[in-house]
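What follows is chain A paired twice: with chain B in the first complex and chain C in the second.
What follows is the complex of A and B.
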């Protein structure tokens, strides 16, 4: 068992005994067998000395127990690492950022505290998963939709705190921005409520985000300044209908006006669902991840294998020969049928300015969907939690050699066609030079309005040499991306320090500000040391990346 | 003597019925555990990644839908839940408790 630096066996044992007194022996885990269940199943350090592992875990059931655990940890200077459902796979899972930390497992705190049907909000504890919240809403006959990320077993709070995203309307699919009010246990054991929750008896905690004075909610996301024990979210009223239609454009450089038009339509809220953007040659239906389910056509593979790669004209010709656009964008709309038909008609008119643009017939679905319909649709677009995304990496006809997990390299890039194509060229060249699979077409994440993410997946294999090589490659990509002004939005603990180091304006002024805050609000450095590159004073030396 | 034996027999029958009832309860709990934790990946249909993976792995020789398998053993189930397989992670005891796991094993190994 690994103890955290500076903590004696005696202090550790005393803390574990105190934890048992607080939560009951059943909910303190310190046997090797139980602690192993807190390993990160997708760690890039599997079977290596550097793997981040816990020393024990404690699972409280109430806020008061969390407070007591924090006080004990403070007395013993013992680092604790809160997790919500611990399903942050690909971003660290349930393992701590500092080996030897005690995982504070909040899964048992899984109560839906309030659903406000009239104002479309929900208040939950950290252990509530999307599956559980969905079940709760369904059982109550609610007409409210959740916005769900790909794997439905994640926590609403955990995903928001890690700044994850979903698939419905922009104001809901950025999960942190969709929150409204939180309760936090601070490192001294006090509870604090943000926004309107700071006013005793206030009834608008889930209705007005910023309250009065400095708005501090953002400080608790991707950080280690407190432990969130309650959080409110705005939910989407079930729309009357949903419409989807695709615009295709014929030329390689048509990506530029395609994105400019899309930006205008999204920023004007004329298209209000998540747009899917891509090359139909690799993914005819523009369904996220379909390129993994269905391998590209043989002609495309041949073309991509030509020395020096295909020219723009060759790709355009192949797309034309196959009756496809070079690029396409699938637009989605939520609302009353007559309204979304009009929104699509207007969108179509704007895209018609691109010579040669073609359009699919719009498909309209009335809500609510039947179970038979739900089984066939892209569930997350309709707020239905699921685990379908695990086809990435799971064995199938197109994936004969399954992986043991994955980690995403996903820098934020500007939302222009020029920059998407530049990112594709730069990252493709880097990938080829690093001996990684190339990127013949950009994989663009459209979760956020105003920016794109460039997505590149690294498989995790339980093989030390492969993981070592992939870690070096990942770090190289971080550097190359930063040189081009592209910064990661979120990452696994293995790379959090590397990425924080790239946000270095004015001699790392932002990181130094984080550290000043950390020292002030958690002087003993007990909460999640090292999370997102923020180390407490006593562990900081030598940790900061240049 | 016969009467005593008769009572004893009745006791055995009652115990047997109680065991069957308890087993039914355990299986019902296991069915819930399966529905919550396993079915979203191992359901019966074309979009479930776990089922797709087992279909590809077994190449039609073994039933890929776990709830339709008749040859699983409790130990096999417990090892996979606590150790994980490929992209399927392992599950903590705050998610699937030891008792839940017993129930899950009873459900998946029911006759």
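What follows is the complex of A and C.
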């Protein structure tokens, strides 16, 4: 068992005993087999000394128990690492940022506290998963939709606090922005409510975000300043219908007007579902009727294997030969049939300005979907939680040798065609030079309005030498991206310090500000030391990356 | 001249001398006539000892000068009070929260630093007013719209930092939420950039809000934790057209389904302009063709004067007799003509479920408006800055005895008809009992989605006795509102402490958290002491309201 630095075996044992008094012996886990369950299944340190592992875990059932646990941790200077459901695979899972921390597992706090059907909101505890929230809404006959991320087993609060995203309308698919009001247990063991929740008896806690005075909610996302125990979210009224249609463009450089037009449509709220964007040659599912698991064509693989890579013209020709666009954007619309048909017709008109643009027939589905329909559709687009995403990387005809996991390298890039193409060239070249799989086409994350994310899934293999090499490569990619002005929006604990270090304006003024706040609100540094690169004073030396 | 508490005449004089060295003598103001210009024209303490007044003002031209000023203030423990253009009349104007503070006037920093036409954003300094930003965009031939608040002479940054709002689409009309990235001078004199701006050379500073790690931007709104010197905003692409139409409903209790339907439409993004909501009997301009300055009918005044007030049935009858609805909602839509026509048609269909609902013919205007059209329309709705709002309260046929100013009492209330009607009854009764003008009809602020604001304009009269009485009344209204769960979203400095005190969950945990942060980031307490109820340690005693 790994103890956290500076905590004696005696203090640790005393804390564990105190935890048992608070939550009951059955909810404190310190046997090796139990603690192993909190390891990150996608750790880049598999079988290595540096693997981030917990010393124990404690699972409270109430806010009061969380408060007690925090007070005990303070007395023993014992680091605790709160997780909601611990499911953010690819971004760290349930393992702590500092080995030896006690995982504070909030999965038992899984109550849906309130659903306001008329004002379309929900108030939940951290252990509530998307599956559970969905079941709750369905059972109540609610006409409200959740916006769900790819795997539905995660926590609404956990996903929001890590600033994850989903697939429906912009005002719902940025999960942190869609929250309204939180309750936090601070490092001193006190509870605090933000926004209108700070006013006793206030009924607009889930209706007005910022309350009165400074708005502190953002502080608790991607950080270690407190433990969220309740959070409200705005939900989307079930739309009458859904429409999807695809625009395809023939030329390599058509990506530029394609994105400019998309930006105009999203910034004008004329298209309101998440757009899917990419090269149909390599990105299946963009065209209607296309197989989601279609492997890349043999001719494409051949072209990509040519020394120096294919020319734009060669790629354009191949796409044309295959009856595909060089680039395609699948648009989605939620709303009344007559409105979304008009929105698509207008969008189409705008895209027609690109010479050679072609369009699929729009597909319109009326809501609610039948169970048979749900079984067939891309469920996240309809707010239905699921685990379908795990087919990616699973052993299949197209993926004969799956990896054991992945870590996302996901920098934010400006939302222009020029920059997407430049990012593809730079990251592809870096990847190839580092001996990693190349990125012949950009994988563009379109979750947010106004910016893109460049998504590169780093394979995790159960092989120490490969992982060591990959870790170095990951760090090199971080540096290369930063040199180009592309910064990650989120990362796994192994790299949080490295990435925070690239946000270095004025000698790391932002990190130093975070540290000032951390020292003020958590003087003993007990909550999630090191998370997002923020170390408490007594652990900062030697760990801070800059 | 009023010196701030604890600052000697000598230290003050030395600081002023140092300020002169930094910005030049002509930009430091300490004569009585100059300093008087920073008094709040709408102060509730007119001619009283308690009036909040500055000791001097200093107007830097660059970020470096701001940093120097902050360092000088730290050396002398001199409170400074940053203002952008100081125009938030009704919410405090340019006067400091602590008398004797030096106003840090940022009006000279009025550069538009960047306009990104393709990604629809603007980066500005604090002195840039809506007028100036508009002029800049127009001169550049930009197709981007600003979202503007009522008076256009205010600062984009100042309005956002005080969390003001405008009139266009929801993603633009909440001015703080529409910001993306800021630069702040901290109390230690260092500059910090938030979001992607923390990464040197990053080109997505105005494209992705939260960057990496904790999101700290909210901390700087309605507070005193730093001085914003740059801020980005998302702009709205000029729509092809604008449509407005009114739904009217006949019964008093129809307000309930009217609001429920409106909520559904706004939460579904089917209507995307700010709705105007009220009783046409007393709220002119809700019906097409109605005179914006129409005085209430004599019959209404008569009814309102009846002991005990009119019954619902009497009001309904009067409205019917006048050919008006009891309640009306004027909806607004921005977008392509065919889309907004479809959106209105669908909205109308939804409202038709309310028995007796009637509808105006929709009015559609194509953009851009001609100068002649602009002269006639409600300009803020079209993103055109102006000062038309000042006709309210000005001497006119309908207002023979104007006040000398006003202060807004503006609690957030839940977005249901029941609660709007309850707020009207409770606040009306309280106002009448306090000898204030009654509120026979609710004045509903519809700036935000998901919640309403109840707007009560408190008259400011140049009469000490009246103002004394009104101040007591204002405080009583705050208490009465809080007892009903309604908390203000913003207020003038005179009442900030009182209101912060009503956000008291868990023995004022939120305020104590703010104070912990304040002490950490501004240990000498030099920035805007007392703003939004947050006092630095050395001034806290006796001033903290709880």
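In this section, the second predicted complex is superposed on the first by the 539 of 546 C-alpha atoms of A that agree within 3 Å, B and C clash if a C-alpha of one lies under 4 Å from a C-alpha of the other, contacts with A are read in each partner's own complex, and residues count from 1 in each chain.
Operating definition for what follows: a contact is a pair of C-beta atoms (placed from the backbone, for glycine too) under 8 Å apart; a residue touches a chain by one contact, two chains touch by 3 or more.
Source: prediction; values computed, not measured.
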Return first, second, both or neither, reflecting whether A:485 touches chain B, chain C, both chains, or no partner chain.
second
So in the superposed three-chain picture, is A:336 touching just chain B, just chain C, both, or none of them (first/second/both/neither)?
second
Quick one: classify A:216 as touching chain B (first), chain C (second), both or neither.
second
Counting only touches as set out at the top, which of chain B and chain C does A:403 meet: first, second, both, neither?
first
In the superposed arrangement, which partner chain does A:38 touch: chain B (first), chain C (second), both, or neither?
first
Which partner does A:370 reach: the first (chain B), the second (chain C), both, or neither?
neither
When the two structures are overlaid on chain A, which partner does A:239 contact: first (chain B), second (chain C), both, or neither?
second
Look at the residues of chain A and decide whether chain B or chain C touches more of them.
C
By the touch definition at the top of the document, which applies to A:107: first (chain B), second (chain C), both, or neither?
first
Which chain A residues come up in both lists, the one for chain B and the one for chain C?
none
Chain A to chain B touching residues, read off their complex:
27, 29, 33-34, 36-39, 41-42, 57, 59, 85-87, 89, 93-94, 105, 107-108, 127, 131, 152-153, 375, 385-397, 400, 402-406
Interfacial residue positions of chain B with respect to chain A in the complex
36-37, 40-41, 45, 47-50, 52-54, 56-57, 82, 84, 86-95
Taking the complex as given, what residues does chain C use to touch chain A?
118-121, 163, 169-171, 176, 180, 186, 190-194, 196-204, 207-208, 210-223, 225, 234, 236-237, 239, 260, 263-264, 267-270, 272, 334-336, 338-339, 341-343, 345-346, 412-416, 419, 448, 450-451, 482-491, 496, 499-500, 502-506, 509-511, 513-514, 516-517, 519-521, 532-534
